[in-house]
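Two complexes are shown next, each including chain A; its partner changes from chain B in the first to chain C in the second.
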Partner chain A sequence: MLLLIFQSGEDRYGLDASRIIEVVPLASLKHVPHAPEGMAGLLNYRGTIVPVMDLSALLTGTPSRARLSTRIVLVDVSPEDSPAPRILGFMAERVTETIRYREQDLQVSGVAVPGAPYLGKIMLDQYAMVQRIDPAAVIPESLKATLFALAKESNHD
Partner chain B sequence: MHSQQSITFQLSLLIISSVALIFALVFGYNYYISRQLVMQGVEREAQQIARATLKRIETVLYSVQKVVQGMSQTVQNMACPQQDLVRYLKAVVESNPEVYGSVIAFEPYTLASDVQYFCPYYCKQDGKLTYVDLGNASYNYLNWAWYTTPKSNNCAVWSDPYFDEGGGNIVLTTYSVPFYAMRDAGKRFQGVVTADLSLDWLKDLFASIRIYQTGYAFLISNKGTFIAHPDAALVMKETIFSVANKRKNLLLEQVGRRMVNGDTGFIPMKCLLTNKDCFLYYAPLAANGWSLGVLFPRAEFMADVNRLNQVVLILTAIGFFLLLAVIILVARSITRPLTRLTEAAEAVAEGRLGDASRLAQEMAGRAAGRKVRNEVLRLRQAITTMIHSLESVVSQMGKSGVLVTASRAQIDTSARQLESAVTQQAASINEAGATSKEISTTTQQLAQTMDQVTQSATETATLAGGGVTSLADMKTAVQSLMESTPQIAAKLGLISQKTSNINQVVVTIVKVANQTNLLSLNASIEADKAGEYGLGFSVVASEIRRLADQTAVAALDIENMVAEMRTAVSEGVAAVGNYTSQAQISSEKIVKLSDDLSRIIDQTQQLSARFETVNESMQTQSQGARQINEAMEQLGETARLTHDALSEFKKVTEQMSDAVCGLQSEVARFSVRA
Partner chain C sequence: MTSTENQPALTCWKEKGVAGDASCPRLAEFGHCRNCPEYARAGRSLFDRNIPAGFQEEWAIMLAGIKKAESPGAVSAVVFRLNDEFLALKTVAFLKALEMRPIHRVPFRTNHVFRGVVNVDGVLLPCISAAELMGISAADPSGKHDGHQCYRRLMVITREGARFVFPVDEVLGVIRVLPNQMQKPPETVSKSLTALTMHVFPWENRMVGLLDDQKLFTTFHGSLTH
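And now, the complex of A and B:
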């Protein structure tokens, strides 16, 4: 299995590649006034309006810096039985490498943060620890409905 | 041949033939035993009829015998006159209804020495008692068989039946008994007494014997003459042998011999009247050796058995048809699901999974009402499970194929983007190389200019050091220096401009490297989605990413070098500025202070030293440009490697495409239900 690595603060995190649609360069986003915390804005991804979450803002409270290596990862977060794909963008820093891993390499972190259900298991590579992020759990269900409704309306507009 | 028949046919044939064999054996045994029982019954019946008939005949014969024997005793012991004998004879005939007529005949001269013939005869002619004296020469009783036979044999005899001599068609038989005169302690033949017995009553007796419809009894004498027979034409006219002779019937002749010999038997033969198959029972009459035959028509006494057998056969046939119908029904109910399953399996074999699944579902629907748990059900369940598994495998394969094809298209796009990026990078590298060459040339020109300046300065120093002479010359020299200053500044400005050009190129390289890194990331992700097929491509993608990182590192090096070069140029500019102002000051001082020549010489020497610094800076620049050139070559090498990796990557993609095409064509054989 493949893990797409990004950095937030001093720590390294990973997103599982199986649900990733594409990694695109940092582009200008449409700012959404009164957007929920951690939402960077809306991205025009090949004609589809996609809400983009700032992982750096979510994980450290500091928005992602504008760098070449700061990129937007497009992930399919739709449930298994959903007919249409639900795409969510994740802005993150230092999105430049991947790691091949096996499920048994992962260890349970042992700390469950109530506010952050998306923090997953941890694995060790040659440099440091990498914590896997569950992209589907980044947004709470209630907010997800709002977000996608927003995106849908934007698409209609 | 048999193997091509259906299970129904084979099953029916097997069971029907087995049952038919059993039926045939049972029927045959039953027929044999019943026939034997009937035969035994018939024989017993024949014996009873024969015995009863014989007994009735013998009763009559014995009664006649008693009468005659009584007469012989009477006549033998009683020597009485002729009239008394005649009277006695008349009384006997009158009192015995069985006796038709009677005779007392004496040997000549035994009754009385003067009586030659004595033979009185009484008979019931036409129911009227009639006396006939047969004792005359014309009749001559002494030569008749009824007289000579008992005389010669010394015993009582029954004569053969014959027609009455005295007229009338009455068949008679005569019992003759000899009587003797007891004299001189011996006995001497004295005469014969006889009694005639009419056989008319035999007609009635035999007519009353009824055996089934056409069976009958007959009586023959010990010479074979028919005495009683339903066919009146035979009676007293034919013998059994003459009939056998006429009809060329050997069996009849043999039977006749046995009957005449007094044997008893029960044998099959042909009826004399109807020529049908019969069984004949024959037994002798003990009194006179006649033989009685009783004929049983076979067809009639076997009629019951045959009817029973017919009914049994009809019932058997009905049973067979019922059994056949039941077998066919049962066999059909077994084979029908099998046939349907076979159709389903054939549909699977031909790849029509949808049809197969529909057939299996129809069967399941049909079987839902019945609660059966047998091999057919298990087979159907197994086939249904197999079809579902196949369907899910096929649809899964189809989906995977589509997914892989989509991934392949995306990979192709990525590869094309990567290729154009690499081409762009190569162009940028070439541009950077050309720019660095220009820098090198400019620096060399600068160095030459600096050499000239140094030379001028040295000349100035020499002029000053030599105590030479005119300040005007010095001023001119200073002015020429002043003129050189803007040139130097212009050259330095050019260098600064080129440096910023390099910076732009470096930025382009960095952008390209970044783009390459991004593309390789997406390629890795797509390769991971492709699973096993993407492994080779995944390696290529990570290799490309490594090359992009190396490019970024090389670009960083260039950036650092350019920064160093800029520092050097700024220093040069500062030095030139400084030198210009000092030259101005010097010029002013030359104008003002012609005597301060020594100081000017010192300052000139200082200038010379500063030119050295500039020169060193220039050399550093030149070296920097060379290093940039080397870095560019390294970049060119990297681009080539990238290109090689790309063509390898293309090959892998084609292999993957071929594999997917093969897989899809294999799967396309199966049509999945929509």
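And now, the complex of A and C:
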């Protein structure tokens, strides 16, 4: 399987590539006043309004820096059986690399962080540890409903 | 450039690598700095530059538009030249193009079609003269075509586990051919060429013949048993 690597602070994380739709450069976003923590803004992605979460802000508390290597990863976070895709954008730093991995290479981190269910298993590569992020768990269910309801309403206008 | 704020600029290949005194202990392992992960890392760090003005706004507009779908049925083909004939072969059947290297004769076997065997990555592969099979005369040995210098190559092709090598006068690159560009091959071209040509398509003011890879392999196989 393929893992898209990004960096946050000094650490490396990965997103499983199987549900990634597209990786796009850092486009300007529409800011949302009083947005929940970690939300960078809204992106008009091919006519659909997509909420973009800033993974750097979520993981380290500092927003992603504006660099060419900072990119937006568009992921389908709909449940497996859902017919319509539900797209969420993830802004992350140093999205310049992918690595191949096998599920058995991953080890459980041994630490369950309350409030961060998206932190997944860890794999070791030649440089350092890479922690897999579950994109579907980045925003809590309650907030997800609100976000996508908002996006849906605006798409119907 | 603000690329490497936290770490010193990675230019080790200029100091101890191939562009320096070659004292790096890992050089033996990788052979050349371009194979080294440090070199790749330095390359990636170029992406850590600041974003130029207007870049984000431009991308916001581009992403808002509908993505142009790739035309269905487009074929990727590698274009090459045999004397004056421009031909193409589907990229799926193409393995690589090599610089010319010795073609070893096989006594009592080598003829004008089967040219001998060629060492490709330690494996001896049969070398066939595709030009001879298609009735195309030999090119000017000076290597000049339309006034520019060309380099002869050996094309390595593969299909269903079989591999062949054939010399061409020039490899021009890989292109995508759309289904609406394909036309029926004209009757006027030589018979053996028509038999192997599936379609013709226009490319850079000339017509290129797309070879039928299945028939090409059958013909190549057949030429071995003569």
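Here is the rule we use: the second predicted complex is superposed on the first by the 156 of 157 C-alpha atoms of A that agree within 3 Å, B and C clash if a C-alpha of one lies under 4 Å from a C-alpha of the other, contacts with A are read in each partner's own complex, and residues count from 1 in each chain.
Here is the rule we go by: contacts are C-beta pairs under 8 Å (C-beta built on N, C-alpha and C of every residue); 3 or more make two chains touch, one makes a residue touch a chain.
Source: prediction; values computed, not measured.
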With the two structures laid over each other on chain A, which partner does A:Gly47 touch: chain B (first), chain C (second), both, or neither? second
Check the residue A:Leu4 against both partner chains and state whether it touches chain B (first), chain C (second), both, or neither. first
Under the stated touch criterion, which partner chain does A:Leu26 make contact with: chain B (first), chain C (second), both, or neither? second
Just chain B (first), just chain C (second), both, or neither: which does A:Ser18 touch? first
State whether A:Thr98 touches chain B only (first), chain C only (second), both chains, or neither. first
Which partner chains sit in contact with A:Leu68 here, chain B, chain C, both or neither? Use first/second/both/neither. both
Scan A:Ala57 for contacts with chain B and chain C and give back first, second, both or neither. neither
Once the structures are superposed on A, label A:Ala35 by its partner contacts, choosing first (chain B), second (chain C), both or neither. neither
Where on chain A do the contacts with chain B and the contacts with chain C coincide? 24-25, 68-69, 96-97
In the complex, the residues of chain C that touch chain A are 37, 44, 47-51, 55-57, 59-60, 62-67
Chain B partner contacts - residues on chain A that touch it in the complex: 1-2, 4, 17-18, 20, 22-25, 68-69, 71, 95-98, 100
Which positions of chain A touch chain C when the two form their complex? 24-29, 43-47, 66-69, 94, 96-97, 126
Chain B contacts chain A in the complex at 510-511, 514-515, 517-518, 521-522, 524-525, 528-529, 538, 542, 545, 549
